[in-house]
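Same chain, two partners: chain A is paired with chain B first, then with chain C.
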Partner chain A sequence: MNRLRALGKWFDDRLALGRLYDHTLGHRIPLSSASAWYVFGSATLLCLIIQLVTGICLALVYVPAPDQAYASIEYLDYVQPLGWYLRALHYWGSNFMVALVTIHLIQVFLFGAYKYPRELTWMVGSGLFLATLGMAFTGQTIRFDQDAYWGVEIIVSILGRLPLVGEYATHLLQGGPIVGSETLSRFFALHVFVIPGLLIGLLVVHIRLVLVLGISEYPEAGKPLDKETYAEDYEATVARSGIRLMPEGGGKDLVFSALILTAIILCAAFIGPKIPNGPADPSLIHTVPRPDFYFLSLFAAFALMPPYLEGFVIVYLMPLAVVLLFAVPFLSRGAERHPSRRPGAVVLVVLVGVSLVTLAYEGVLSPWSPEMDAWSGQPVQPQFVEGRSPLEHVGATLLQAKQCRNCHALDGKGGKRGPDLAGVAMRLTPDQLVRQVLQGGGNMPAYGKHLAPHEVSALVAFLETLHPANAAPARNSAQPSGGVAGQPDKP
Partner chain B sequence: MEEHEHEALPPAVPPVSRRDFLFRLGLVLNTVAAAFVGIPVLGYIASSMFKGKAQQAWVALGNLDSFPTGQTRLASYRNPFTTPWDGATADVPCWVRRKPDGDFQVFAINCTHLGCPVRWFPQSGLFMCPCHGGVYYEDGSRASGPPPRGLYQYEFRVRGGHLEVRGGETPNLSEAV
Partner chain C sequence: MNRRLLFRMFRVLMFAALVLGMASGCDSLPGRPDPADRYQRPDEVTDFTTLFATNCSGCHGAEGRRGPATPLGDPHYAALAQPAYLERIIGDGVGGTPMPPFAQARGGNLTEEQVSVLAQGIRAWGADVAGSTPTPPPLVAASPDQNPGSPARGEVAYAAFCADCHGPGGAGGEKAGSLVDPAYLGLVSDQALRTAVIVGREDLGMPGWQADQGRGISAGEISDVVAWLGSQRPSSAQGRPSGDGR
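Moving on to the complex of A and B:
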C-alpha cells in the first residue's frame, strides 16, 4: 500500500493532479447548489461524450457521397457487427441531448441563474444550445434518406426567401446550384468538424466560466441579488458551508447521468436506430417528407401561419428570436431570482412551451397536408351510399375519382385539409355547393374546368344526401321552393 | 550586448530592441501568411455562390412522342454538371405538360412554398404538395394553400424531335429558373 502511495506521489509531483483537482472537480460550491434541479447540465455533457464516441465509430463506415451514403447506412444497420447498435446509441443520444440541453436552458432561465455575474455563461450556453440544434439538423441530413433530401430542399427554400442575398446563401449551403454531392459533403463537414469544434470550444469557455464564477446558489424568494456585495457574499457562503463539487456535491449528477445513460441504452437496444426511409433520389416523388421531432413545431408553424407573414418571420422574427435568446441577461435585470417573484418568466416559459408542444403535435398529425392516397385508398363508407339513387351513386364515384377525398374526410376518413363532408348538406344549399365546386374559394381549388355540367349535377346530388336522417338539408330561404336535391335552382 | 546597442542609437529615435523588431516582423510575416492561406480558403468555399447561371445548359428530356398532347407526364434530366459520386441526386425530375394546342410547359418539381415535390393528379387536373398542402392548376398557376406563386417553369426548346430544357439549377423564390 505504501508503495502504491509512493507511485501516486511520483506522478502527482510531475503532473500536479492534486492541484488540478482542487481547482476543478474539487472546487467548493455552496451547499444549496448541490440541488437535484442542477443535474441537467452534467447529463447533457454525458450525452455529448456518447455522441463523440459513437460518432467517431460511425464515421469509420459511413461514406459521405450521395451514391453510397444510403448504402453505407444500410451496411451499418445490417452487415457491420453492432453497427445498428452504435447507430441507435447515436440517434437516441442525440434525442436525449436535445431534450436535456433544452431542459437545462429552461431550468437556468426559471431559476434566474443567468443574472449577475453569469451573463456570459448564459450567452455561451445559448451558443451551445444552437450548436446542439445544428448538430441535430445536420445529423438528420447526412442520414441522406428521402426526409433528409427534402429537408435540405426546405431549408434552401427558406434561405431563398432572404432578400438580396437569397441566391448566394442557397448556393453557399448547397455547394452549387442544386442539392448534390457537394451539399452532402458540406453537411458532413459541418456535422463532424465545424460544429463539433465550435461546440467543444464553447463548452471549454462555459465550464471555465462555471469554475471562475462558481455555481449559482439555489434561489430564495425575497432575497434579491446585490451586485455590490454578491462576490463577497458568495465567497463567505462557500467558506462557511461550501462543499466540494466532487465527491460531495456531484452525487445527484452521477445518479441522474447513470439514469439517462440507462434510458439511452434501453431505447437503443429495444427501439433501435432510426430506419432511413428510402434513398435520397429526387425522382422518387411519392414521398411525404417529415422532419425529426425537434423541428416538427417549425414545420407546423410554416403550414399554419398566414402566407403573408412567412417572409416577415424568416427575415426578421427568426433572427430576432436568436438575438433575444442571447440578450436575456440584459433584458431581465430584476434583482429577484426565485420564480415565485418572477411570474413573467414563468408565464413566458409556459407560453413558449405550450406553443411548441402544440405545434409539434399538429406537425405529427399535419391536418393541412392532403392525404395523397385517400382518393384511391379510402372508399366512400357504405352508410353514405346505401339506398341512394343511380345519379347519387355517380356523384359518390366522382367524389373519389376527382381526388376530393385527399382533402375532404367523410366521417373522419380521408384528408383533413378541407371540412369533413359528412354533414355538408346542412351547411350549404345546392346553389352554394355548385358554386363552391365550380369556383372554389377559401383554400379550395376551382373544379370548373375538370367537371362537365352533368358531373357537377351528380356530385351535388350526392353531396345533398350527406345529412343526418333527422336533420333537414340547408335551403335558400329566399326561394320558397327551396332546392330540390340534385336539381340546383336555375338563376 | 544589447545595452551597448541601445546606447549607440541616436537619442531622437526611440530604442527598438532586436526582440521587439523580431516580434513585429513575426507579426507582419504571419499576417501575410494568413492572407495567403485565408483568401484562397474563402475563395474555395465561396466559389459555389457564383456557379449559378454558368452551370445551366440545354439538356434533353425525351422524344416529342413520349409527351402525348393534352397530358402531363413526369420526366427527368441528368444535371448537366455532375460529379462522378453524385448518384441519383443528379437526376432532376420535372413535370412536362403538352397543351391541347401542342405547345409545352415544363414545371419544376419543387413547390414554390418550401420546395417539396408536387404530385400531378390527372383526374382533377391538379398538382398537390404533400408538405403544407399547396395546390396548383394544370397550367401551373396557384390554386390554393400557402404557395406565394405558381409553379416554376423551365425554359424549353424543341430540337430534332427532342424536347430540351435549360436545367442545372434548383429553383426557389430568389431564382425562379
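Moving on to the complex of A and C:
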C-alpha cells in the first residue's frame, strides 16, 4: 500500500494532479448549486463521450463513398457481430444528447443562470447547442438513405435562398452544383472532423468558464442580482457553506448520468438502431422520407408553410432566431433570476415548446405528404363497395386509378393531404362535387383536363354514395331529386 | 439527499449498466435488426402476397375479394383465367378502363418476373375448384369476330336471366344497379361484362354461372347478353374500352 502511495506521489510530483483536482473537480461551489435541477449539463457531457467512443468504432467499418455507404451500414446491421448494437448505441446516444442539451438550455434559461457574470458561458453554450444539432443532422445524412437524401435537399434549398452567399454556400456543401457523390464526402468530413473539433473546442471554453465563474446559486425569488456586489457575495457564500464539486456536489450528477447511461443501453438493446430505408436514389419515390425526431418540427414547418413565406422565413426569421439565441443575456437584463419573477421567460418557453411539439406531431403524421402507394395498395373497404351499383364500382376504381386516394383517405385509410372522403356526400352537393373534381382548389389539382365526361360521372356517382346509411346526403338546391347538373349521362 | 445514499444508487446503476452492456453481448436482443425488415427495392419484391397487396388490392380488394373491381380472388375466376391471359392483362392493362398497365415497358412499375409471379399467384387461388365439373364456358370468348353474339337474342336472354335483379331493360332494380348507364358502359370492357356473367359477384350477391351447375345461362347466351349490353355503349365513349389492351 505504501509502495502504491509512493508511486502515486511520484506521479503527482510531476503531473501536479492534486492541484489540478483542486482547481477542477475539487473546486468549491455554493451548497445550493448541488440541486437536482443542475444535472443536465453533465449528462450531456456523458452522451458526448459515448458518441465519441461509439463514433470512432463505427468509423472503422463505415465507408464514406456513395456506392458503399449504405451497404456498409447494412453490413453493420446484419453481418458484423454486434455491429447493430454499436449503431444502436450511437443512435440512441445522439437522441439523448439532443434531448438533454435542449433541456439543459431550457433549465439555464428559466433559472436565469445566463445573467451576469455568465453571459459568455451562455453564448458558448448556444454554440454547443447548435453544434450538437449539426452533429445530429450530418449524422443522419451520412446514413445515406432516402431520409438522408431528403435532408440534404432541404438544407441545400434553405442555404440556396440566402442572399449573396446562397449559391456559393450550396456549392460548398454539396461539393458541386447538385446533390451527388461529392456531397457525402462533405458531410462525412463535417461529421467526423469539423463539427466535433468545433464542439470540443467550445466545450473546453464552456468548462473553463464554469470553473472560473463557479456555478450559479439556486435562484431565489425576490433576491435580485447586484453586479456591484455579486463577486464578493459569491465568494462569501462559497467560503461560508461551499462544498467541493466532487465528491460532495456531484452525487446527483453521477446518479443521473448513470441513469441516462442505463437508459441508452436499454433503448439500444430493446429498440435497436434506425434501420435505413433504402439507398439514396431519387428514382425511388415509394417511401415518404422523414427526418429523425429532432428535425421533425422544422420539416413540418416548411411543409405546412405557404410557399411565399418560405423565402422570408429562411432569409430573415431563421438567422434572426439564431442571433436572438446568442443575444439572450443582453436582451434580458432584469436583476431577478427566479422564474416566478420572470413570467415572460416562462411564457416564451411554453410557447416555443408547444409549437415545436405540435409541429413535430404534425411531422409524425406528415399529413401533407401524399401516400404514394395508396392508389394501388389501399383497398376500397368493403363497406364502400357493398350495395353500390356497377357505375359506382367503376367510380371507386377511378378514385384509385386517378390517384385521388394518395391524398384522400376513406375512413382513415389513405393519404391525409386532403380531407377524408368517407362522409363527403354529407358536406357537398353533387354539383359541388363535380366542381371540386374539375376545378380543384385549395391544395388539390384541377382534374378537368384529365378526366373524360364519363369518368367524371362515374367518380361523382361513387362520391355521392359516401354518406352514413342513416343520413341523407347533401342535395343540389335547384334539383331536389338529385342528379348531376350538366351531366346528361345520369340515368 | 444524503451522500452515502447517492453513491450507493450510483454504484447500483453502474452495475446495472455494466450487466446490461455485457448481456447485449449475446446478440439476440429485441433491438437487433431483423433481416426480414430490411428495405427491399420495390422491383426486387417477388412475394405474391406483398405484390398483390401493394399493387392490386386497391381496386380488386384485399385478397382479391369485395373490392370494386373484378373479384380476382374468387376461386372460380382464378381457376378459369389462364396465366398467359393474366400476364397480358396485368402487363398491358385494359385500354379505356381504369385497369392500368403494370409492365415497365408500358410505364408501369412491375418487372416481367413480378407480373408472372402475380399471374401464378392468382392461379393458385383457384387450385381447389380447377378441373371440377361441369366445366364453365371459357372466360375469354374464342374470337368475337368469328362468333359474335347477337344483340337481339341477348335482349331476350337478359330478360330471362338478369332482369330480376338488374331491372327491366337493364335500367337497375331493387337488388342491383343499372347496366346500361352510358357512363358505365363507356368505362367497362366487353370482357369485364363477360367475366361478370361467368364468375358473378358472389361477394356482392350476384351468382355466377357455377351457381346453377350449368343449367342456367348457356355459353351462346352469355355472348349474346354481352353483345346486347355492348351495343348500347355510347358512341361518345372515347376509345372504346377493349379487352385486348389497346
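Everything that follows uses one rule, which is that the second predicted complex is superposed on the first by the 468 of 491 C-alpha atoms of A that agree within 3 Å, B and C clash if a C-alpha of one lies under 4 Å from a C-alpha of the other, contacts with A are read in each partner's own complex, and residues count from 1 in each chain.
FYI, a contact is a pair of C-beta atoms (placed from the backbone, for glycine too) under 8 Å apart; a residue touches a chain by one contact, two chains touch by 3 or more.
These numbers come from a predicted model, not from an experiment.
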Report task. Following the overlay on chain A, give me a clash-or-fit verdict for chain B and chain C. Result -> fit
Requested in this report: Scan A:His450 for contacts with chain B and chain C and give back first, second, both or neither.
Outcome: first
Report task. Figure out whether A:Arg475 sits in contact with chain B (first) or chain C (second), or with both, or with neither. Result -> neither
Query raised in the report: After superposition on the shared chain, which partner residues are touched by A:Trp150: those of chain B (first), chain C (second), both, or neither?
Result: first
Report task. Please work out whether A:Arg435 is in contact with chain B alone, chain C alone, both, or neither, and reply first, second, both or neither. Result -> neither
Query raised in the report: With the two structures laid over each other on chain A, which partner does A:Lys413 touch: chain B (first), chain C (second), both, or neither?
Result: neither
Requested in this report: Mind working out whether A:Ala401 is in touch with chain B, chain C, both or neither, as first, second, both or neither?
Outcome: both
Query raised in the report: Using C-alpha centres in the superposed arrangement, which angle lies between chain B and chain C as seen from chain A, in steps of 10 degrees?
Result: 80
Requested in this report: May I ask you to decide whether A:Pro379 touches chain B, chain C, both, or neither, giving the answer as first, second, both or neither?
Outcome: second
Query raised in the report: For the superposed model, what is the least distance in angstrom between any CA atom of chain B and any CA atom of chain C?
Result: 6
Query - Overlap of the chain B and chain C footprints on chain A, listed as residue numbers - result: 286, 375, 401
Query raised in the report: If you look only at chain A, which of its residues touch chain B in the complex?
Result: 65-68, 149-150, 153-154, 156-162, 166-168, 170-172, 174-184, 279-283, 285-289, 299, 302-303, 307, 310, 368-370, 372, 375, 401-404, 406-407, 417, 440, 443-447, 449-450
Requested in this report: Mind listing the chain B positions that touch chain A in their complex?
Outcome: 45-46, 48-52, 55-56, 74, 76, 79, 81-83, 85-93, 109-110, 113-119, 121, 123-126, 128-133, 135, 137-138, 143-148, 168-170, 172-175
Query raised in the report: Given the complex with chain C, which residues does chain A contribute to the contact?
Result: 74, 77-78, 81-82, 84-85, 88, 145, 247-248, 251-252, 254-255, 258-259, 261-262, 265-273, 275-278, 284, 286, 373-380, 382, 384-386, 388-398, 400-401, 405, 452-455, 457-458, 461, 489-491
Report summary line: Listed in rising order, chain C residues that touch chain A in their complex are 1, 3, 6-7, 9-10, 13-14, 16-17, 20-21, 23-25, 27, 29-33, 35, 37-39, 41-42, 53-59, 61-62, 66-69, 97-100, 171-172, 176-184, 186-188, 204, 234, 236-238
